[in-house]
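One chain, subunit A, links the two complexes that follow: it is found with subunit B in the first and with subunit C in the second.
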Partner chain A sequence: MIDSFYLAWRYIVFNRVKTITLVLCISLVSFLPFALKTLLNESEHQLMSRATTTPLLVGAKGNSLDLVMNSLYFSKEKPDFISMKAIEKIMDSYLALPIPLYTRFHARDYPIVGTTLDYFEFRKRTISTGRAFAMLGECVIGADVASRLNINVGDSILSSPENLFDLAGVYPLKMKVTGILDKTNSVDDKAVFVDLKTTWVIQGLGHGHQDVKTLKQSGDVLSRSEKSITTSAKIKQYTEINTANLESFHFHGDPSIYPLTSIIAVPQDEKSATILMGRYLSEQKNQQIVRPKQVIEDLLGNIFQIKEFIDAVVLIVAMAMVLAVFLIFSLSFRLRQKEIGTILHLGCSRSTVVKLIGAEILIIAMFSGMLCYSALLVLQHFQGEIVHKLFIS
Partner chain B sequence: MGDFCLINIDSLELSYGNSGFRLSIPQLKIDDAEKVAVIGPSGSGKTTLLRLISGIIVPQKGHVSIDGTIVSRLSDTQRRDYRITNIGFIFQDFELLDYLNVEDNILHPYRITQALKIDAQVRTRASELALELGIQNKMKRLTNTLSQGEKQRTAICRAMMISPKLVLADEATGNLDPSNKTKILDTLFRSADSNKATLIAVTHDHELLDRFDRVIDFKQYCEAEAV
Partner chain C sequence: MHKLTVSFIQKNIIFSILFFFCSQVHADESVALNIYTVNYPIKFFAEKIAGKHANVTLPMPADIDPAFWSPKAEQIAELQKADMILLNGANYAKWLPKVSLPLFKLVNTSAEFRDAYIMLKEGITHNHGMGGKHSHVGTAFTTWMDFSLAEKQAKAVFKALSRNKPKLNTVFEQNFIPLQKALLDLDKELTEIGERLNGQPLLASHPVYQYMKNRYKLNLESVHWEPEDAPTDEQWAKLKEIIENHPAKWMLWEGEPATDTVLKLEKLGIKSIVFSPVANAPETGDFMSIMHENIERLRKAVNKE
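What follows is the complex of A and B.
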């Protein structure tokens, strides 16, 4: 048997181009259904694990999937905003704990999530290094953000402008990193968490600048009255919040209408959840309340319908491939009739010829299997990233 | 003809279906260590004779015996085992495997049967034969990089590996230039002599015939319809 494998190996090495092509084709056809299954399982796991732990989500009326994807996975879909009044409404109902989320901004491609410390408690997130944000302008970063950007506690991270060409827009805010979250293999690893007010500062609703009362240069003050002081644009705006300039930061307008992306509502019990949902259905025309699990199940239902179709396509391709491989082998054996004849004339038995051919097929199948398995290992290593890019981002 | 007869063909008859080819050999004896040339026109059954003797095909009537063994009465498996362990066959066009190097081609019979085993002695014999035939420095080369003469010597080496008592050569000097023909025949004779083997060589080269002990003209045994 060893000799059969040796001879088969020599044949395969001699016909390496044909063999490599065959191995690649078989590997690819074997890889596709497994890869699809792996990715779908991972997507189901990633999507469902977060959805099942988020009982209710309140947001602006519109696409419920966009709302869920943005609030749970910080995807780039931007649902319409709701105001802080929605928080007050839930608080006043005593039916659920509201956890606000504002996910409009980014820092170096990582979403900035404006929220409260309740979020960490709700998601059971712990800080591995440092502490939680305590002051305006401080942030806690996910484990992947820290490792990929090589940022440690005490370093800073800049918010990215929403539009590069908006020269008159707000300045990027330099945020101080006070803590790094433990790695959880979730989207929280790839996010920058700040206090809700910090996101409003990034938006320009709140800002800090030089004390205008003490301005002396005449060019800086345009007009001064008892009630107000009007300054020119030359006044120095702070792009970093620290203990020295913290006092100068202030917000303009009515805080109750400040924007939010959504609210995670954590009801006291199922009854409270049902009552809250009923109230939103009957009273709220501009807001919606959804159960994320239900929304994700609907999405997965659609994905699995597509999977069935893809499975059928892969099956047809695999059948065509099997026929093609069969044809390649039969043509190859026809071309090798003289060689097989020589072996038989020398005194080789037909069973040995079958062994030789079997060894060749086995080696090709083994290489194809190894290649397919290796590709699957690579896929498994990156499946989280791929699923995030394909189904979430 | 000597006292001891190695090959005895008796009342042999073979025909190929409707092709009109019919081979009939009432009696043919070939002595031990005899060197016999088989000549005849194309299609007269010279190659068929070698295949009958080696047991690749079996006659419809009569029998072929080698050293007392009636080859045509052996089972298929027995005939294969007998052939690979007792007969050195040099095929027309060499029939070397192009995906194996010279060494592997020489050792090929040992890799395709349970009846032969490769050991250190066999490898040494392969090296000695290669040295004797002047291909010792080509052992690791693929056969498609060899000259016709080198291929022929590799084929002879493969046939002589088992130290056969019977060597069958099917146009071993075909397609070679005159100087190579002589060299190959010298090699073949030398190898057969060293094993005290009987040599039956099918040939078209009439200028080489005087070197053989006996020449058998196959015209007398064959009936073939003109095409």
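What follows is the complex of A and C.
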């Protein structure tokens, strides 16, 4: 038997191009359905894990999937904004506790999530190094953000401008990192968390500047009266919030109309959740309330329908591949008639020839299996990232 | 015998479980709430209603106006650990937009009447960068100076405490009812004084009496004077301008004014009356005693007329 394998191995090594082609073809056809299954399982796990732990989401009326994906996974599709009045409405109802989310901005490629400290308690996130944000302009970063950008507690991270060509736009805000979250293998690892009010500063709804009452330079003050001081755009606005200039930061307008992307509503119990949902259905024309689990289940239903279609395609391709492999082997044997004749003339039995061919097929199958398995191991290592890029962001 | 032993063990287990459960409930209810407030009136209400079931802290020093206090990092950390943070609302605590606190723990005691907030019109308007003209004035915040609103704030404190410790609802209610009555009595007394004043002009040394003015129909004009500081010539000139059209005989002061200022005002025919909003913890007395003294001083002045 070992002799058969030795001879088969020598033959395979001699015809290495043909063998490699065969191994690649078989590996690919075997890899595809397994890879698809792995990715779908991971996507189901990732999508459902956060959806099941998020009871209710309130957002602007529109695409409920965009609302859920943005609120749960900080995806780039942004739903229309709602206002802080929605928070007051939920708080006044005493049916649920609201956690606001504002996910409009980015720092490098990482989403800046404006929220309150309640978010960490709700998602059971703990801080591995440092402390939670306590003041305007402070941030807590996810474990992946810290490791990839090589940022530590005490360092700073800059918010990215929304539009590079908007030269008159809001200045980027330099945010001080006060804490790094424990790694949770979730999207929270790849986010920058700030107080909701800090996102409003990034947006320009709040700002800090020199004290206009003490401005002396003639170019800075355009006009001054008892009730009004008009300054020029030269006035120095702060792009970093620290203890020295914190006092100068202020917000303009009515805070109750400041924007949010969504609200996680944590109801007291199932009855409160049902009542709250009923109120939104009957009273709210511009807002919707959804159960993320239901939305994600609908999405997964669609994904699994697509999977069934892809499975059928893969099956047809696999059948074609098996036929092609069969053809390759039969052609190969026809070409090797002379070689097989020599083996028989040397006194080998027909079963030895069968053993030789069997050993060749087995070696090729083994290499294909190993390659397929290795590729699956690599895929499993990166499945979180791949799923995040393919299905979430 | 065997049956008896089993029954005895079962009873023991049941009693142990019941005892454990009861002790847990008792332990939960006996742990005093760690409450922070943003001013003294709310602290007073919380202490009166919660009694021994809460440790109520007013985090700023006694000589600072709580509305304009700013917490340090370690104080923010303490606030973040609180079970409940009772706010006055009406943009009272100017530090609040600059710090991060858990929303779940914040209780706005004036949320019920947020539509009744008084918007201020005066202030420095400036114009720079994005957003056009804007000013840094906002909302009148001494809501408790209208005792009917103070009663609503006390009720909000009572409701928040009851939500947090539902089993102590009866205790809180028993404590709240006399407080409610006392606040409504103050409201009645000041309403009567307002009626007796019948639109007579009054002055206020500081714009902190807006809600009182509205509720008790006081014909009140405010200046920006500090009790401990002597007014400047400019401020005197402005006062003279005001009294030409608003011939007030009394000026309400947040604190005891300087003797020179009192004498100078008397020369103008204006008597000084201390009507303290008691925004921070007083050295002596409490919210109720100080409010009674305030009302008594005002009543005496009106009765002398």
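Criterion: the second predicted complex is superposed on the first by the 393 of 393 C-alpha atoms of A that agree within 3 Å, B and C clash if a C-alpha of one lies under 4 Å from a C-alpha of the other, contacts with A are read in each partner's own complex, and residues count from 1 in each chain.
Methods note: contacts are C-beta pairs under 8 Å (C-beta built on N, C-alpha and C of every residue); 3 or more make two chains touch, one makes a residue touch a chain.
Every value quoted in this text rests on a predicted model; they were computed, and no experiment measured them.
**Q** Would you check which partner chain A:31 touches, where first means subunit B only, second means subunit C only, and both and neither mean what they say?
**A** Neither subunit B nor subunit C is touched by A:31.
**Q** Can A:209 be said to touch subunit B (first), subunit C (second), both, or neither?
**A** second
**Q** Looking at A:6 after the superposition, I want to know if it touches subunit B, subunit C, both of them or none. Which is it: first, second, both, neither?
**A** First partner only, subunit B.
**Q** Looking at A:246, would you say it contacts subunit B, subunit C, both, or neither? Reply first, second, both or neither.
**A** After superposition on chain A, A:246 lies in contact with subunit C alone.
**Q** In the superposed arrangement, does A:197 touch subunit B (first), subunit C (second), both or neither?
**A** second
**Q** A:342 contacts which: subunit B (first), subunit C (second), both, neither?
**A** In the superposition, A:342 touches subunit B alone.
**Q** Using the touch definition from the top, say if A:88 reaches subunit B (first), subunit C (second), both or neither.
**A** second
**Q** See if subunit A has more residues touched by subunit B or by subunit C, and give me that chain.
**A** C
**Q** Under the stated touch criterion, which partner chain does A:117 make contact with: subunit B (first), subunit C (second), both, or neither?
**A** It touches subunit C, and subunit B stays clear.
**Q** Tell me, which parts of subunit C touch subunit A in their complex?
**A** Within the complex, subunit C contacts subunit A at residues 70, 73, 76-77, 80, 97-104, 111, 122-131, 133-136, 163.
**Q** Which bits of subunit A are touching subunit C when the two form their complex?
**A** 87-88, 91-92, 94, 97-100, 116-118, 121, 131-136, 138, 168, 170, 195, 197, 204, 206-207, 209, 212-213, 222, 227-233, 235, 237, 246-247, 249-253, 255
**Q** Provide the residue numbers of subunit A that touch subunit B in the complex, in ascending order.
**A** 3-4, 6-7, 10-11, 13-15, 338-339, 342-349, 352, 356
**Q** Which residues of subunit B touch subunit A in their complex?
**A** 54, 56, 77, 80-85, 89, 91, 95, 97-100, 104, 108-113, 115, 118, 142
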